[in-house]
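Next come two complexes, and both contain chain A; in the first it sits with chain B, in the second with chain C.
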Partner chain A sequence: MYCELANKLVVEAKRTEQLNSRNNARTTLPVHNDELVRNVLKEVTQLKKNLEFFKEQQDIMSTEGISVDSNVMKCQYFVNLLCLERNKRCLLGYQKLRSDMLDSMAWENNGMDVMGSNLGEENSNLTHQEQEYLKKYSELITEMKSGELTDIDLSGSLIPPKEVFIDVRVLKDAGEIQTEYGVFNLIKDSQFFVRQSDVERLIQQGFLQKI
Partner chain B sequence: MDVDIEDILAELNTDSTAVDYSGNNNPLSDIANTNVSTLYNSSYPDDKNIPTNKNPPGVRSNTKISAEQDYSSLMTLWRNERCSPELLPYPHHLMSRMLMRIQDQLERLEIISMDFMGQNSNTIDNSNKPINNNNMLPLLCMEAELERIKFIIRSYIRCRLSKIDKFSLYLRQIEQDSNLKSLDDLLSKDEMIYYQRHSEMILKLFNDTTLKHLPPELQAINDTTGTISMIDEPDWNKFVFIKVIGPNDKMLNSDPLLKKDSNNKFFYEVIIPELEEDVELFIDSIYVMRYNVIKNLLLDGKVILI
Partner chain C sequence: MSLPGRLQETFSPEEVQFIVENQKIKIFPRITTSKKRGGDSSRNNNNNNTDNEDMSRWRMLTMDGRALENMIVMKSTEVTLWLALLLKQQSKCNIIIPEWLTIKGLDLMLQYEKRNIERFSALPWDWLVVSEILFKQAADDFNDPIYELRNRIQDLKEIRQMKVLQGLKNLNESHMQLDNLGLLEINELRPFIVRVMDKLRQIHASGIDTTETENQDYDDDNDIGMGTMISSDRDASSSIPPNAMSF
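Our next item is the complex of A and B:
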């Protein structure tokens, strides 16, 4: 039937949303369903042709002065238009959900230390338009941080700070990493008693565990 | 015969407290206070350029400005922003003062910690006795406090940004409609940039992926003539929890909106348009109300959201 494929697209979008809301760790974007989108777009072009055809018909009829069931024609035209609109809604909804997820990804691991790597693993799951969008959005976020709000780390943690000092354990990464407030030698499975503000970035990156 | 001399006593008190305030106060807040006043004076002419129709709660030019007061009004603004369905006006004055203060405090912290380092090396040079006299506690407190304030501002701005994302089309409608209030009032400069660039980006993404395949009459992203309006407006009828706090300066008699009931209690009267029902909002009590009913009271700072 009309718009069935688009419906499938929306159902898939809903599923990804639920998946991401349940495991609240990191948002993972599934593969962009290229084939389905392409099929929907094919349907759209078909509908578009229909519309044009109806228009022509109407024009011919009006010039020839035949008033044969113009109501039926209008109805056909209208149904087609509504289908197009519905397809548009579904497509945009799917795309919007994906772009929202990209936004949250950009905020999550933005500008921490390694900016370039957020185009790494998910690379395959994104279309190139989305990659471009993500890159631009990350740029925008970094610009926002360098503006008036320099002292406030906008992409920092949204959990209110409780104590000044916390215990952290190094998870799996070894090597000297942090150099901003003096060097920490991060040896695997070692524990530190450090200031929270120093390690917030490392926790966000997943180097450290356990507050 | 009872003679009420409260007002005379109050007059006397104002005199003595004025002396007290200048004399005793802990040095930290004193420094902050003096700094604030100079900061405020210096920054005020710049801020005057920004047109403001209504002063947000707490930002009143005639009230005295202190760091503490600013902080509490920031808390109120933050709470309101998080609970309200719409984007509230940006507090330009308050934020510029707050940001300056943060910068100042950061510098001061650095200087103090440098002093600590210097002292430590000195004492080590003299002898290796443990250093107890220079206490780290104030430094820690200052750091923790700074972290907290930074967190609040961060959360506030992030909340606003997410609302900007959500209502970007609606904001554009406001922008084009000249009879509504201007966006400069609603957004800060950075937020303006963010809003413009992000909506541009999203539009480009949608254009590339879907819109260019559609017939030209369906390519608009802000179509309101179709079956469903594509512009997300704030949900004006959202229910919110409010607490009625009354006028800012507690001059109950000066507020024209306040009324008195038979039990000598003050209340605001609002009307719910759908039901045509009057509701009396007593001061210091908590209600669940539709947002559009209490919107004006909220903007005047007479109720807060919780």
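Our next item is the complex of A and C:
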């Protein structure tokens, strides 16, 4: 049927959205459904060919002086066009969801990890264009952070601060960190009483656990 | 996006607490920071430099520093709640419990709640958060036993919850009145109410929309909020046919 493939794409997008809204953990992006997208594109080209064919027909008929029922022709154009539009909407919806998820990933993790490293584990699930997009997007974020607002860690924790000093437990070795009050040697399973702002990055990366 | 989805349309409870912590509250300081006249003048004599003196004084960027500079032991003063909690943690002050957070005050409110089924009592907008914070962090400053207060707060919470549930029957597409509802209570309800009302409004407006298109008479200024939505919908639906015709 017309546009059924595109509908499958939308259903898939919806499923990923629900999966990610339920578990608040890191967003995971499923594999980009290349085959389905390609089939939708095939359908689109077919529809476009149809339209061109109609136009040719109409031209030929009008030159040969055969009277054409213009309303029928218009209807054919109209239906074809609607199918094109629908396919476009579905494709855009699918891609928009994926790009939104990429954006949130870039905001959540990339700023915290070493800049430049782009989520190695996820890379296989992304298409080439998406990888490119992610890279450029994180570059944009970095640019913004190094602009006028250098003092503010824009990708930092969104939870309002409660206490200045907190207890943290080390979950995995993180080496030594330098703070205003000296060097901490973070060994696994040790506990520290540190200033929250010093260790926020490490908490977000999963090295430390707040107590 | 830069902001995770769960924060996009409402506040998180932590953010509500953050907002509330900017309220003023009265404390009894246990430290003195105001300088005595004599000491002050001698200091001025020593180094005739007011700047230097200012430097040694506490400066607050986020609030009026005067309250902090002029604290005298056991003389009540008003500071912001987050500062009071910070001082309290270091046992450098006692927090004065607000008037409504006593057995007497809460009983009054409870009575009012029971008597007026259709109204909420005039508790301060931050009552739930403030009482929660104070129970946790300033438990020793209460004159009344805390478990009594906790009970009453819980009672109030439940009564008001019931009223809210009753009130939800009257959801409509235009407005609703929620006098004296606390910030936290509103915050819990926000996603639900706003979404339902949005849908109701859409359905309502779509009814208006069809009659409008029949009359071929578009006047969007009767409802500004919906006007944009109606017009965009109309554009989308009406823009296709002309395109198709012009092929």
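Note that the second predicted complex is superposed on the first by the 200 of 211 C-alpha atoms of A that agree within 3 Å, B and C clash if a C-alpha of one lies under 4 Å from a C-alpha of the other, contacts with A are read in each partner's own complex, and residues count from 1 in each chain.
The rule is simple: contacts are C-beta pairs under 8 Å (C-beta built on N, C-alpha and C of every residue); 3 or more make two chains touch, one makes a residue touch a chain.
Please read these numbers as outputs of a predicted model, since none were measured by experiment.
By the touch criterion defined above, A:D189 lies against neither chain B nor chain C after alignment on the C-alpha atoms of chain A. After superposition on the shared chain, chain A has more residues touched by B, the comparison being chain B against chain C. In the superposed pair of complexes, A:E4 makes contact with neither chain B nor chain C. Of the two partner chains placed by the overlay, only chain B lies in contact with A:K88; chain C stays clear of it.
Shared-chain residue A:S21: touches chain C; no touch with chain B.
Contacts of A:K55 after superposition on the shared chain: chain C is touched, whereas chain B is not. Look at A:D34: by the touch rule set out above, it reaches neither chain B nor chain C. Once the two complexes are laid over each other on the shared chain, residue contacts for A:K74 go to chain C alone; chain B is not touched.
Within the superposed three-chain model, A:T127 lies in touch with chain B and out of touch with chain C [touch as defined at top].
Where the contact sets of chain A with chain B and with chain C meet, they give residues 51, 82, 85, 103, 107, 154, 158, 160, 164. Chain contact summary for the complex, chain A toward chain B: residues 37, 41, 44-45, 48, 51, 82, 84-85, 88-89, 91-92, 95-96, 99, 103, 107, 127, 129-130, 133, 136-137, 140, 143-144, 147-149, 151-154, 156-158, 160-161, 164, 195-197.
The touching residues of chain B, when paired with chain A in their complex, are 99, 102-103, 106, 140, 143-144, 147-148, 150-151, 153-155, 157-158, 165, 188-190, 193-194, 197-198, 201-202, 204-206, 208-211, 213-215, 218, 226-228. Per the touch definition, chain C reaches chain A in the complex via residues 1-7, 12, 14-15, 17-18, 86, 240-241, 243-245, 247.
Contacts from chain A toward chain C in the complex involve residues 21, 24, 51, 55, 74, 77-78, 81-82, 85, 100, 103-104, 107-108, 154-155, 158-160, 162, 164.
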